[in-house]
Amino acid sequence: MAEIVCQNIKKNYGAVEVVPDFSLHVEDHEFIVFLGPSGCGKSTMLRMLAGLEEITGGQLMIGGKVVNDLEPRDRGIAMVFQNYALYPHMTIRDNIAFGLRRIKVPEHEIKSRTEDVTSVLGLGPYLDRKPTELSGGQQQRVAIARAMIKTPDVFLFDEPLSNLDAKLRATMREEIARLHKKLRTTTVYVTHDQMEAMTLADRIVLMKDGQIEQVGSPEEIYERPVSRFVASFIGTPAMNFIELKVEQSGTEWFVVGEGVKLTFDSSRFDVSVGQQVTLGVRPSDFEAVSEVTDRTLAGECDLIEYHGDQALVSFRVGSVHLHALVAARQRPSEDEHVLFQIRQNTSHLFDATTGRSLLKQ
Amino acid sequence: MITRFLGKSLLVFCAACVLVPLLWTLMNAFKVNADLLTPVPQFFFDPTFENITYVLSRQSVFGALYNSLIICLSAVGLGLVLGLPAAYAIARNPNRITQEIQFFVLSLRFLPPVAVAIPFMVIWLNLGMYDTRWSMIITYSLITISITIWLSIPGFQQVPKEIEEAARVDGYGPYAVFAKVALPVAMKSLLGALAFSFVLVWNEFMLALMLTTSDAKTLPIVASEMSQQGLNVPWGILNAAVVLLSIPPLLLLGLLSSFLNRSFAQKNR
Amino acid sequence: MNRRSSLPYTFLIPTVALLAILALTPTIYALNVSFTDRTLFSSSSNYIGFENYIDLLSDRRFVNSAYVSLKWEIMTVTTTMIMAVGLGVLMFECASPKMRNLYCLIFLIPVLLPRVCAAFVWKFAFHPLYGIVTYPYRAITGQPLDLLADPTTALMVVGFVDVWQWGFFFAVIIVKLLESLPPQPIEAARLDNAKPWQIHFYVTIPMLKAPLISLALVKAIESLRSFDLIYVMTRGGPGIATETLDMYAFSQGFIEAGKIGYASSIAVIMLLTTIITFTIIWKRVNK
Amino acid sequence: MKNLWEEYLVKIKSHLKTTATSVAVILASQAALAAGVCTDDVRILAQPQAGLTTTEGFASEFEELAGVGFQIDYLNENDRRAKSRADASVIGKYNVYYVDEANLAQFASTGWIAPLLDHYPAEYDFEDFDSGRQTTATFDGKVWFAPITGGGDLMVYRTDVFEAAGVEPPKTLEELFEVVEKIHDPENGIYGYALRGQRGSGANVWRWMPYFRGFGGEWFNEDGTPAFNSEAAVKATETYLKLFEYSPPGTRTGSWDESTGAFNSGQVALIVESAPLGGMSLNPDNSNVSDKVAFGTPPAPLTGGGYAHGFAIGSKANETDAERDCAALWIAWATSKENELRRLEAGQSGELNRVSVFNSPEFAEAFGEELPAALEATAPFTRVNFWQNEKWPDLGNRWGIILEELITGQRTDINEALAELEAYAIELNSD
């Protein structure tokens, strides 16, 4: 078991800077998820942890040891790849045992350990097959088994579920969560799927352009996004944004825009009068009301997506399109005039130019 | 419909263009000269094994067969030992230098054989190695190494990088990754490449003609000499020799065909 | 791959060094010998400067063989490509996938045959008196047909054998290329009621332009290896009608006079021409 | 005690054994010494001849005789000439070379081969060889090779065709043209005459030379200047090209194989070719016309092209006299009367050279009276037609190419062609 310390890690490909400066402290037993859009450097970061990419600058420590120049095998890690990366010419058994063979683990021990790992993952019946004879989910399980058998200090997952279909993905996600609960091995998991991140992570590292945008528990990230980027990345359906201007009248503070005037609790935010801000409201934080208040938005409903228990109402306020999630039974009909109220203390304000959250810490 | 029928007939005709001469040659290998040298082609005749036995009983044929096998297999072996690693290194390190190396390897194919044969003849004569198997192996390895490199690069490129990375995470060093993962995974494509280089040197004629007299003489040379055996052109014997010489490359037909299928199927991805 | 690894060096340096030695030694040697009057029968020789090259300019057989070589290149490359494209499209259109595989297997045979064998097979098939190809002509006209002895047709007959070997092979490759094309444009063209030949002429062949050019280039390179066929079928005859540069260099260096110096100068000229031409073309095509 | 005894006995036995083997070795080596002084297998570079295949079948006989084996490597005529030159001058791998009338001068004058008779065992009777062949094997007053094949020219014709047309065998070239004109009937598969068109000093030039020499042509003047660009050469060439109109297809680029093949398959009425054709045409295995051929001498003024191929001792591979003795022993054995009789039995009449064989009852039985008589009758016409010089192959081959171009119609101007050859000869002589 080990903790991971990244200090000012840099990565350049020639003149191109992929990771300018990355610092992070991963606790022992922790499940960390690197989340971000493609090309944000999360995979590169993971591959540097694994030792598959050279580290241009900074220091990386795993288990208290500087590992910058160590080969992958000397870092105490195991890795699961997106496309499984099973050895196509070996049986499942040999795939799993391949790493142990190198360190000359006695054959009988390999056998018992293989059986342990495969019984956990339910791979028993497939041991003598070749990878191509297995389904995608089974292959991914083999890849996990191959990583597990080495009893590494750190597990690294590189988008392990993105090649699976939606249903299988949910099952596997659950399995990984359970496995971690059982093994408690420090884990770094890369994904672009917020759902995986939210359900698996102890802490999410949200990355953008090679830099950490926010680190925090799923709850923190969801509820207190530090930037408009984070807010927009997390949560489905996505958060609504409206460009507004801060105004004050007496003790009342308002954000004002085209056909919009809303009051807000100024004690939650660091704002000044006249500041251009972006108001962020999650669709689920709208509630349908019948009376106009200073927290309501009025608009024309133009499309309704029926989700079963809920419905996503798309409506237009001025020139902005907004979405509200309502109980399916209470959904309006299309082309209707609708009125939505923002729930108390759920709105977010971001600086319109920097995109940083204006929420007081 | 009519055009389709015409097209199909044309295809059958083309297949006949390939097969008929070859089957005809095979038939002729079992004819005596009197059945061969007839103004009207003879389809019915008393088959004779005289030609085949004559060819097989020739000391020179045996010697040449032995030479061909030793020389071609050794040259292909050199191609394997030196060519495959180089191809791997090029496939895994795409940069300016390896690109230039790749082009250099290809450009060896531009060398006119006669421009290689004449100087090599003088060189081997001067070194006292003329007409030895060693000199032939070395000369042919120029062909086998370059062809092996050229044809194996795509084979290695098709091996997913992640598999090699998984092996590195599993603790293997770069050389072990090459030997235990890249080689076996790419094996089928590589076999095709090696088969191609074998066929190329097995069929090679001009270098063998100019660089050997007797000790290292290969089968194509002996086959061509058969045309002047004795006083008459022994067409029956010649046909038998042609049949014998063609068998080894044709045995590799399946391997090469699947190599082609593989190389072009991958492009589609 | 880890940049710290020594693997690229250990894997590349010995091989490239060996290839360089194997390729450069004969090249430099040929260049050196081409400035001497070296013969096959003695190992002593004198430097005679550019005399061999100057002699070549006024050698009617050299000029002729350069012309024959050029004719050979143009003839074999164009006919091979035309036949391969035609046959490839034909297979693609008219044969079921299963039959196509069978045809592909059959059409691979000629190129695998040793060229010496192919040459003998066809030499006998074209025999004026006993050949199976000339038989219909003989049967109808009662006249023999000696195409290999006729200076106007001899090169064509030899070229026919070359095309027989390569055309079928390339047809197989072209079918594989056609199969690898995305089906949407072809289907779209079909929906527009285009005829099969129109589809191929306007859609698929243009899509395959790059690989077809590469194939033509490969054929041009392989056409340099005409020697085996010509040696067996005509030995450069009748007269010098099929005497290509390599055949002539072989005759000069070996059969007739053993003038290795002179033959080397022919080889050097071939070497320079082909390397310069193909390097320029190849680099331009692959840009 | 018993054990000691046993040990002793074993020792004695093994001692006896070694003594016995060493005695055997000494005896064997003495036998070899007596027979020849061969220490290594004899290597021979030869041109394929059916008769040699027969000889190879009796290899054990030579092994017994010399204590070593032998290995013959075969190359076709052009390659054999080229590679034996290369080997003789630079490498010296072969103990025995196959030389012919055309390159004897070169091999002898450069010392690549050693005089034969210094080493030839007397009991094989060199004098028994046909005198024409002995003459061809002689250069500079010394004998260099023992013949395997040779002879002059023979006229062979079809009795059935001649009878049907009511013509007599021609005695002169004029008659030849008349006869050929009369019987030439390609529509019915009968060609009047057959020639060789393929390039080569031993191919088309070989058949052209009888006309050239018959018309009085000379290759070179006394002072070494070329003399062949003469009226005789023009006339010979014109005649040769004219006769080609009657020659079957395939012969324009063919050589001996094609022209004799056409005759033996029954498509040619008349042919003048090297003497071995006589025996071949009588052999039903080779010939469809074996029962309807007759023989005569070449029509006047044609000369017969005297030729002989044979085996000579390589100088480079055999440095010592002992080695040369060994090579000579093989040559003598391979060309011995016994081996010739075996070839006769195998129907390989082209590889017979000994007078005693020609006069043997076996020969008469195989070929009747007519062929031997015809062969004898050709002897007075047989001449050496080519230029006896080491540069002959080069010159002859050059003329062969030009002649082939004339025959196949790539050029038509005979004078210009001869002028080109003359220029080449002057260049050759200036080297």
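In order of appearance the chains are A, B, C and D, and numbering begins at 1 in each one.
Everything below uses one rule, namely that a contact is a pair of C-beta atoms (placed from the backbone, for glycine too) under 8 Å apart; a residue touches a chain by one contact, two chains touch by 3 or more.
Please read all numbers here as calculations on a predicted model, not as lab measurements.
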item	value
Chain whose average C-alpha position is farthest from subunit C's own	A
Central subunit by CA centre of mass proxy	B
Contact pairs, highest-scoring chain pair	B-C
Rounded Å distance between subunit B and subunit D, as computed from the means of their C-alpha atoms	37
Distance from subunit C to subunit A - Cα centre to Cα centre, in angstrom	59
Whole-Å gap between the CA centroids of subunit A and subunit D	93
Numbers and ranges of subunit B residues touching at least 2 other chains	37, 39, 125, 168, 209, 227
For subunit C, residues contacting two or more additional chains	2, 43, 129, 254
Sequence positions of subunit D contacting 2 or more other chains	79, 86, 90, 265
Residue ranges of subunit C touching subunit B (in the complex, touch as defined)	1-2, 5-8, 10-12, 14-16, 18-20, 22-23, 25-27, 29-30, 33, 38, 43, 87, 90-91, 93-95, 99, 103-110, 112-117, 120-122, 124-125, 129-130, 132, 135, 138-139, 164, 168, 172-173, 176-177, 179-180, 221, 224-225, 227-228, 231-232, 245-246, 249-250, 253-254, 260, 263-264, 266-268, 270-271, 274-275, 278-279, 282-283
Residue numbers on subunit D that touch subunit C, as the complex places them	78-79, 81-82, 85-86, 89-90, 110, 186-187, 197-199, 248-250, 252-254, 262, 265, 267, 393-394, 397-398, 401-402, 404-411
Contact footprint of subunit D on subunit B as seen in their complex	33-34, 37, 39, 59-60, 125, 128, 130-131, 209, 213-215, 217, 225, 227-233
Residues of subunit B that touch subunit A when the two form their complex	160, 162-163, 165-173, 176, 181, 184-185, 187
Residues on subunit D engaged by subunit B in the complex (per definition of touch)	43, 45, 47-50, 53, 56, 71, 73-77, 79, 83, 86-87, 90-91, 93, 189, 256-258, 260-261, 264-265, 276, 280, 286, 288, 350
